[in-house]
Every structure is written in structure tokens, then in C-alpha cells.
Amino acid sequence: MKKEHNHMKNKKFGMCIDLDKCTGCGSCMVACMSENNVPFREDETDKRKSITWITVYKITNNRPFPDTEVCYMPRPCMHCEGHDGHSPCVSVCPATATDYDMATGIVSQIYTRCFGCRYCMGACPYHARYFNWWDPVWPAEMEKYLSPDVSPRMRGVVEKCNFCYSRYQRALDKAYCEGRSDIEEDEYQTACTQGCPAGAITFGDLNNKSHAVYKLKKSPNAFRLLERLGTNPKVYYLSSKEWVRKAGDNYIKGENPKNIKKSHH
Amino acid sequence: MSKQEDKVKEISSGNLPDDEKNEAIGFGIIFFIIGIAASLIFGWIVFPKLLYSQKKQPVDFNHKLHMEFVDDGCESCHFFREDGSYSGVPKLAQCIDCHEEVQGEDPEEERFVEEYVAKGKEVPWLIYSKQPDCVFFSHAAHVKKGGMECKTCHGPIGESTTLRVYEENRVTGLSRDIWGKNISGLNKNTWDSMKMGDCADCHMEETGRKSSVQTEKDGCLVCHK
Amino acid sequence: MKIDRRSFLSLGIGAAAGTALTPIPWKMMDDSAIWTQNWWLTPVPAGGEVTYKTTACTLCPGGCGLRIRMVENRAIKVEGLEKHPVNDGGICPIGLSGIQLLYGGTRVKMPLKKVNGKFVKISWKDAISEIALKLKVLRDKGDAYKLSCLTGSDKDVTSLLLKRFINTIGSNNFFANTTISDSYEFVIKKVHNIEGSMSFDLENSDFILSFGSGIIDGFVSPLKMIRAHSRIKEQGGKIVQIEPRLSNTAAKADKWIPVNPGSEGMLALGLLHVIVKEKLYKSNIVSDNTSNFEKFRRLIIPNTTLNKAAETTGIDSKTIEKLGRGFANARKPVAIFGRGKGDSPIGFGEAGLVYILNYLTGNINKKGGLFITDNKKYINWPEIVKDEITNAGLDKSRMDGAGAGSFEDTKYITSRLADLMESKDQKSISALFIYNENPCYTLSDSKKINKAIEAVPLVVSFSSYLDETTAKADYILPNHTNLERLQDVPSVPSGITGGLVSLSKPVVKPMYDTKNTGDVIISLAKAMGGNIAESFAWSSFETCLKSTFKDQWNALDKDGFWFNPGKSTRQCPDLDFSKLLDINLSSIQPQGSKSKFPLVLIPKETMRISSGYIADPPFAVKVIPDTVLKNNDQVVEINPETAKKYGLHDTKYAILTTPFGEVKVKIHTYNGIMEGVIAMSKGLGHIGYDKFINGKGENFNRLIGPVEDPDSGLDIAWGIRAKLTRA
């Protein structure tokens, strides 16, 4: 049995988000909340405290009217690989509450392990991590819609996107029961991918040549956020607009992103 | 133990002024021994009794008897669903398949039919092996993929004729089976305890996966949700 | 021998040492760690078997198919139904949040009656017999025609049962919420003299000219439109968005052409001028025989048309010429119209001209063009049984003037409701049924409606929620909510060229003492007795629905929808240009005096805010950006130059005044809006519902008044003149 496991190739789950298609509708955010038992509060307008594992940012080219352009950019957890799995957050966690799994490439967050020091939040350059400032409350009968696949979080811990890992767990269970040891591409898709009405999000194994993300990440329009920090994120964006691609990182004046050597794909 | 006592004696006597030493040592030792004895009795015998509350199962179920009537062993009642999930403790509907009316002569069965079947009330079974909410346990991975026997974790429950008392930890609310019957935490059998360490050790042994960057063991989300 | 302090000390040390040799410290340490992890305030969701149930969304007219994830008998999550012609697996934020409407705290849990200004419990039986009695009195007085009904749509079976009910009582005064679909139907009727509506095959078009339609901002059938948008992007189709503000649709378009608010019709005229003058239209479309085309041609070819268009729209004539040529020369062009989400009708002037734009390119009923759709009528119920009172009532014309005289082709003039409610004379409403609509919130000049509705002696609301209108009702007969009720969901035609009906099916048992409105109407009819009971012979709403759909029922029940692609388009008869010769474009100008109100306020519509009768559930509220809502303050968008001119600063307070009201708002400066124009999100400022929904922002509809289109009578209010002053 040992052998079989060792021979299973490491996966690297990742995403390609087509910003030309993204309409900024916000379905991904709500699909995620609904899938992952994310609570809500009466006033959610302080966005620093509002928990949205995937957030749709609005960016503009900052040109005056009428040359203004706007682009929406959904931002889940980037599941940074860094170098050898030393993603910014994993490196600083003193509680072993967040971890990088080489088998899936997913950065995990174990809520019961977390003691809320929030170092990881400081370390994350993407603001992808959220702190539970309050105990979650589901008013009226709303506890009824909570999913048993994702454990609700308590006050004082950090949470973030885990690429809907519970869906991976369920997909594997099904495969095992059918005598398969692995799953097909469409058997494991995140809630945001599934819900996106525009079909802007593609999810899959970046290591697997037959998966759509493998091809998409090689598109000339593909870029990643803040790549130059060496975070080696697993979320790719596609945009036909240069100003959008350039907005993905910090460049000095006159620097052209095309000529910059990127860290390993 | 005596070695330990000597050590303690040395320390305690060393702290007293010379003139009171002898008398004090005599008394001291007696009280010290009383203290030790009392705490040992408390810790090993009274404490576990206090820590766990005893709960009787709502119906006394005879696994052994049922095993004789079913074809598919444990999976006859504790089955896998089509989607790969595990059904766990059977629902009343499954019981009704056979027990719509009283089958045998056991008064416990009669009570079960009267109180639950007739009223359509689910039996509030107490689950010995229930893990806390943060745990994702995949029966499919262990039984179907890993080919493990139920017994490995659940023990020989299938051979039991009666349901033992369910013990609930008053502090954590978890079943005693998670920590294990032995309060010392030492185990003889694979099913004696179901703590995270036990899972991790077995995963290490059986799969050899060291994909977690932090722990160099199996990934956290393999068992957590 | 004496026991002293030291003895106790020894005892204590002994006990401590002994304890260290017991499991107590280690076990307690472990247990207390576990105790903190199983925090008692954090719920533990129960597990169980996961199943999926098929249903359809009833929260907007879009008609998406849904797949509900169930754990045992709990609904866990709303997902889009794959292979459904509208959404094919996709889902919008409001639909997703629908689960919170089911389990949330805004439900009306039992039938209620208002006694001395307060709601008290009443049994279904008593409520129905009391209302029946009141209606009998109305009939006996000869006032049967004063019973009126307002519904969200006039396409679904429940609404049509309501219509049948008030007809049988003896009233013609059925109203439905009017939307852009009413403009489509009006245009088709006017220019072709047939019954039909319009659908735009955007995904197969290569040049989409959008007159402010929020293709990806929730237009009519939001998911169908968003999916079409993605296909357009894949196939390289071009989108030109004409709109005063850089909406999401404009941001994603290949070209955004800002236009002065309300002047879109003039732009259409300018484009027609170019196309007709340069003979860019398809020659087989119009000939000398086409009735009145020559007159129309002569009317628009003078250069003054182009100059006037340029002046009114603020777009220079070169751009208009280029756009006209680009559009006419495209292989499969289509011009889509209806502003924002298409919640409001537009004037015949603008609608008619844009329709002609399409017509002249020869794209009618062609792939990638505009389809004339059949108003699928699947109702084939037996005629109602009439008595004398019914006949007398039905002989009277509608109170709002629709369907007669100059508004012959208009179905309802819903904006006249307020006047009819307040009126003391013969033309007044004495009893009002409200279904799937929230007029106290959604109609323009909502302040007036709120006052007027109080003058109606009997208001019956069928709402599942305690919304603004329901709070003012005399009886609440709560309907099952979404995910609880059986209901047909007819497709709105936009984007769909086939016949499509979906079925909303109960996925959970009703949580409270509610009843399907269809069943309530049938019970009410039975309680009325006589010809009314005879007209409602169905034993239940379900049997009514089954007998209505007959052969389609199996598909509806099994797949959740019935779809017949392509079967519902209508032949396009010749066009009569005479109706376009005296087109009126002036009414589109925003109300208010320019000197008093120097700015123009326009609504901002997004997928994240439901602006119809359903309010945003908490999840949807959560994703509203803080540039739209900050704490409880409504944020208003303004061009930085305009802000500077009026001394307004980003994130600071200001007072927004229109001829209809005044609200305190916060300022957000944004480069993507024209100077002199300000925008405010629609769908906020509820006062009904609960704390997770109400008290957030301001209601846009309170700030605008109805504007009647002189041709159709429809309320075409869109923007309004406004002023912003520093607070």
C-alpha cells in the first residue's frame, strides 16, 4: 500500500481567472460564503473586518473621464507555493495552524489549532486572510442551512479560502467507493468556479497536462499577482488589457512586465 | 516509587532548622505519605469516575445477534452511500425494514418497537467513536481504498451482545473512546484510542506521506475540515 | 506530637507529588485544550445524506433553474441547474442568498389581520371568510369594479388566477408591474400590429449596440445575458455601450460612448439618419412600397437631424456617423435597448427608433439579431362564469385609462395607482390585492404611494415577508416562500428564442403556517360561492397547474423546465412607418428645472443589489461595495470635476435634493461618470424586513416621480434633476 501512495503524483491545484469575462457580479463571493459557512453581520461595510474568502476587487486605470477603465479582479487565497512550500503565511505561523501540503498544493488553515496571533495576516501580501472578531451568529432559523462539510469557526481564529477542500474530500470518497484511486477534473471544482455565471473561473491541477488550467496559465495574457515578491501563487489571471496585467505587480516607471523574468510556473 | 520518596524526603528535611528536624521529619513523612496516597487514589480511581458521566444507550442493541441475520457484515447496516459518504449509525427507517413488528422475544426489542418504531421517533444513539466537528474522517479512504477492517478502529463491537455504557467527558463533551478506556493513555490495541496522534502515526506508517511542510507528516486537511 | 503548619505543608507537597504521578495534569491539560476548541457558541451542523432537488428561482423575472443541496431535510445551498437554457449551472448572488430568505427572520409566519393598527393572528378559515364577506358587500353595492389587484408579472399562473378572480368578481382593474417588456410588446403592437415581444440573440451577434442596457448588470434575464456576454468575448463580437456612466457593462464593452442622460433616442435618430441617408440599410427590407418609408426617409435625412442629435447627446457628429456605418456594415448587428436592468419601460420614441435600427439592418428573426417572440399563452382555461354583477363590472373601462383611446395598446398604467387609491370619486380603488410586488417601495414617488395606500379600505397582501407594502396591509395571507412553493416560472423572452417554462417546486416543507397563494385564491373563490366558485372548479392549485400545462407537465416535473427551442418566434410582417412620423422624444428629458437642480441623478444598477420586490438578503448585502453603502449611508457617485465645482469632497456628507425629496448621502468621486451627472444605487433604503436588510441607504424610488410616456402612458421615469449641497 505504501508503494501505491508514494507513486501518486503530487497535484498542484490552481485557478485561472479570465478578467475579460468576469463581470464583477459577486456570485463567487456569495457562493463561497454559502459553501463554507461564512457568517455575516448587521453592518458589513467595514471591509477590513468583513469575511469574504474570495473578494472581488475593483481596479481602475486612474485616467480621467472619459478614458477611465475599470476591471474586476476576484481574489481567493493564492495558495502560494513560495519556494518548496514556504508560503509567506505558513512560514510565520507559530501554532502549526496553517500549512502547505505538497500533495495538493493547498495552504490549509486548521481553525481549532489557530490561537489568533494574526501573524499570517500580516505576512499575507494579498489580504486573503480574515480574523473572526466576533462569535458567528446565524439569526432566526439560519443555522439550518449550515453545511456539515465545513466546520463553523469560533471567535478569535483566522480563516481563509481552502479551494473548497471539503469538495475534494467528497470527490475522493466517491472515487474510492467506485474503486478508483483518483478523480477526474470535473469531479472537484470549487464553489466559486461552479457558481460563476460568466464561466470566468477555471480550476484544476496545474501539474496535469490534460487539465484546462495547464493550458490557460501559459497564455500570453496570463499573469499572477505580486509575482515579484516570490510568493509563487497558484492563481493566474488572464487579461487582454495591458494596464490590467501591469496592475498585477509593482513596476518602476518605464519597466515592461513582458521583459521581466518571472519565477517558475 | 521508593526512590522518588527518598528524593522528596531529602529535599523536605533539608529545609528545616536543626532543632526541630527529627520530630518534623517523622510527622512530615507521615503527612507526606498520606498526601501522596490520597492523591494517587484520587487521580487513578476517583478522577476518571468524576471526569466521565455514564450514559445508558436508549436501546440495548445486540450486534452479535444481528450479525447472524445479515449477509454483508457491518456494511449491511453501516453502509456507504452512492456518493461515497458513510451512513454511520442507522436511521430508524433502516430498522423498520425488519422491525416493523416485534421479531423475537427480547423485551428490549419490544420496547424499541413500542417507543420508537410505533411513534416514528429516531433513536438518539450515543456514538462511541464520534469525533469533534473539526475532524473529517473518511470511511471510504480507510475501508475502500485502504482495505482496513472496521475492527481496527472500532474494536470487536460486532461481537458484542450488549451495548456498553457510553461515557462522556464532562469537560470536552467527547466520548471516552477518543482518549481511550485506559486513563493513562497507554494502548494495547489499535482501537484503544482515537486521538489525532494515533491517526497521524498510522498515516505515517501506512502511507509514508510527508507532504506537510510544517510537520513533515500527512497534510492537515486530509483529516480536518 | 502536634499537628502544625508543617504537617499540612507536607500533606500538600505529598499530594502535589502524588498528583504529578496521576493522569490528572496531563489529561486536564488535553481536555481543556479540547474544551476551547469545541466552543459552545459555535454551532455544529448535523450531518446526513446529501441529496439534490431541482427547482426554479422566483426571486427575479430571470427564471433560472436551481439545484438545491439538501442534507436530510435541510436546504443547505442553492446552486445553478446545469443544462438549464437560462443559467446552465451559473447562479447570481441574490439567487444564492435565497436560502437566507427561507430561513431568515423576515418571514410572515401565519395569516394576520390588522386590528387597531396592529397585526393579530387570524386563522386561514376566518381570514378567507372575512375577505369573502367584504368582497360580497362590494359586489352588492355595485362597486365590484373597485376591486383591484397588483402583481409582479402577468405571465405566471398564480398572477393569472388572480386576474381571473377579479374579473369574475366584476373588475377589469388588474395591474402588473411594468418593465421594459411592456415597451417591447408596445413597439411590436404599434409598428407591426401583432402581439409579440422581443428577444436579442446577443451571443451570435458580432456587433452589439447597447442603448444603456446593463447586459452584465442584471438585464431582464441576468444569467442568460452574462452567459451571452462570455460567448461574445470568446467569439470576438464587439460591444458598444451608450450610457452616461461607466457601468460594469460599459467597462467590459469594446467602446463606451458617454451620452447625456435621456438622449439615447436622439442618438438612435442620428444613427438612422446616417444609415438612411447613406443607404446602408438592407435593400430588400424596404422598398418604395413599404408603407410610409419614404415619408420617414424625408423626415430624417436633413442634416439638421444629425446636428441636433450631436447637440442633444453630447456625442460629436463624426462619432455618430462612424458608429452608424460600423453598425450597418456589421455582419450580424443588433441594437438592444432598455436601461439598466430593464426594470422600467422606455418611451415609444426611443424604443421605436431603436427597433427601426434593427429592422433596417435586416436582422429581425435572424441569427444574432432581434427575434419577435410569441407571447406564449399556455392558459386555456374555460371561460369565466358571469353573473349580472360580473357583466356590469366588466362593461366598465379600466380606471387607469389603459386599453382605450390613445392608450389602446397599453395594458396597465401602473403609475396611476396612487391617484386611484387616493381618489374619492367613482374611479377609486376600494380593495387591493397585492401579489409578488411591493409598490410602497418599488413605484416611483414611493412617498405618495405609501400615503395613498392608507386610503384603501381593504388591502390584502400575499407576501411571504414583512415588506413595506405588507406592513400597510389589512390582511396578510402569507405565501410559501421560495424553495417552499409550487409555481410556474415563465421565461422572460430576452435572450431566449424558444418557449421556456420552469417549475419552482417545494424542496422543504413549509416552515410556518403559510399557504400557496394559488390555493388561497381557489379557497376564496369557493367561499364566495355562485358563479365565482364555479369559475374556480379546481380542487387545488396543483391540479390547476397540472391541467394548465398538460403535456408539458411531465417534463416540468422531471427536468424542472420545459424548453422548445425556436418554436416561439413570430413571422415578421411588414412595418408601418407611419407610427414613427410624429415621434416624441422630449419626454425623456429628466424632470425638474435646470436652474434649481443643476445635476442629473441616474440610478446605478448592479447584480449585487436586488431592486425589485425582493430585498437583498444578508449575503447579498455583505457583498455591496463600501463605495455604494458605508455603514448605513448611501453613497452617491460624482465626477471629481463636478464635485470640485460644488465644493464636495470624497467620503464626506452631502444633501441630495430632487423635486421629490431630500436625503443625506456620502460622496464618492469617480472618473467613470459624466460631468453634471450623479448616480445612486437602486435597491437600498428598505424600511420593511429586518435589521440585516433595512435602514441601509436610501430608496431611489422615493426621489423620482412618475413620468408618463405620451405614446404609451407607461411610467418611463429613469433619472431626475437633482442638486447636491455640502452637509
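First chain written, first letter: the chains are A, B and C, and each begins at residue 1.
Basically, a contact is a pair of C-beta atoms (placed from the backbone, for glycine too) under 8 Å apart; a residue touches a chain by one contact, two chains touch by 3 or more.
Not measured: the values here are computed from a predicted model.
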Of B-C and A-C, whichever chain pair has more C-beta contact pairs: A-C
Farthest-lying chain, centroid of Cα atoms versus that of subunit B: C
Centroid distance [mean C-alpha coordinates] between subunit B and subunit A, Å: 37
Approximate Å spacing (C-alpha centroids) for the pair subunit B, subunit C: 56
Subunit A and subunit C, separation of their C-alpha mean positions in angstrom: 33
Per-residue overlap in subunit B, given as positions that touch at least 2 other chains: 83, 85, 132-134
Subunit C, residues touching no fewer than two other chains: 37, 42, 44-45, 47
Numbers and ranges of subunit A residues touching at least 2 other chains: 112, 151-152
Contacting residues of subunit C [partner subunit B, same complex]: 1, 3-4, 6-19, 21-24, 26-28, 30-32, 34-35, 37-38, 42, 44-45, 47, 49-50
Touching residues on subunit B, where the partner in the complex is subunit C: 4, 8, 12, 16, 23-24, 27-40, 42-44, 47-48, 51, 81, 83, 85, 87-88, 132-134, 169, 171-174, 179, 183-185
Subunit A partner contacts - residues on subunit B that touch it in the complex: 80, 82-86, 132-134, 136, 138-141, 144-147, 206-209, 211-215, 219-222, 224-225
Of all residues in subunit C, those that touch subunit A in their complex: 37, 39, 41-48, 69, 71, 74-80, 87, 89-93, 96-97, 99-100, 102-105, 107, 216-217, 222-223, 226-227, 229-230, 233, 246, 248, 251-252, 256, 258, 511, 606-608, 618-627, 629-632, 639-641, 670-675, 690-692
Footprint of subunit B on subunit A - complex, ascending: 1-2, 5-6, 10, 84-86, 90, 93, 96, 98-104, 106, 108, 110-113, 149-152, 162, 165-166, 169-170, 172-179, 181
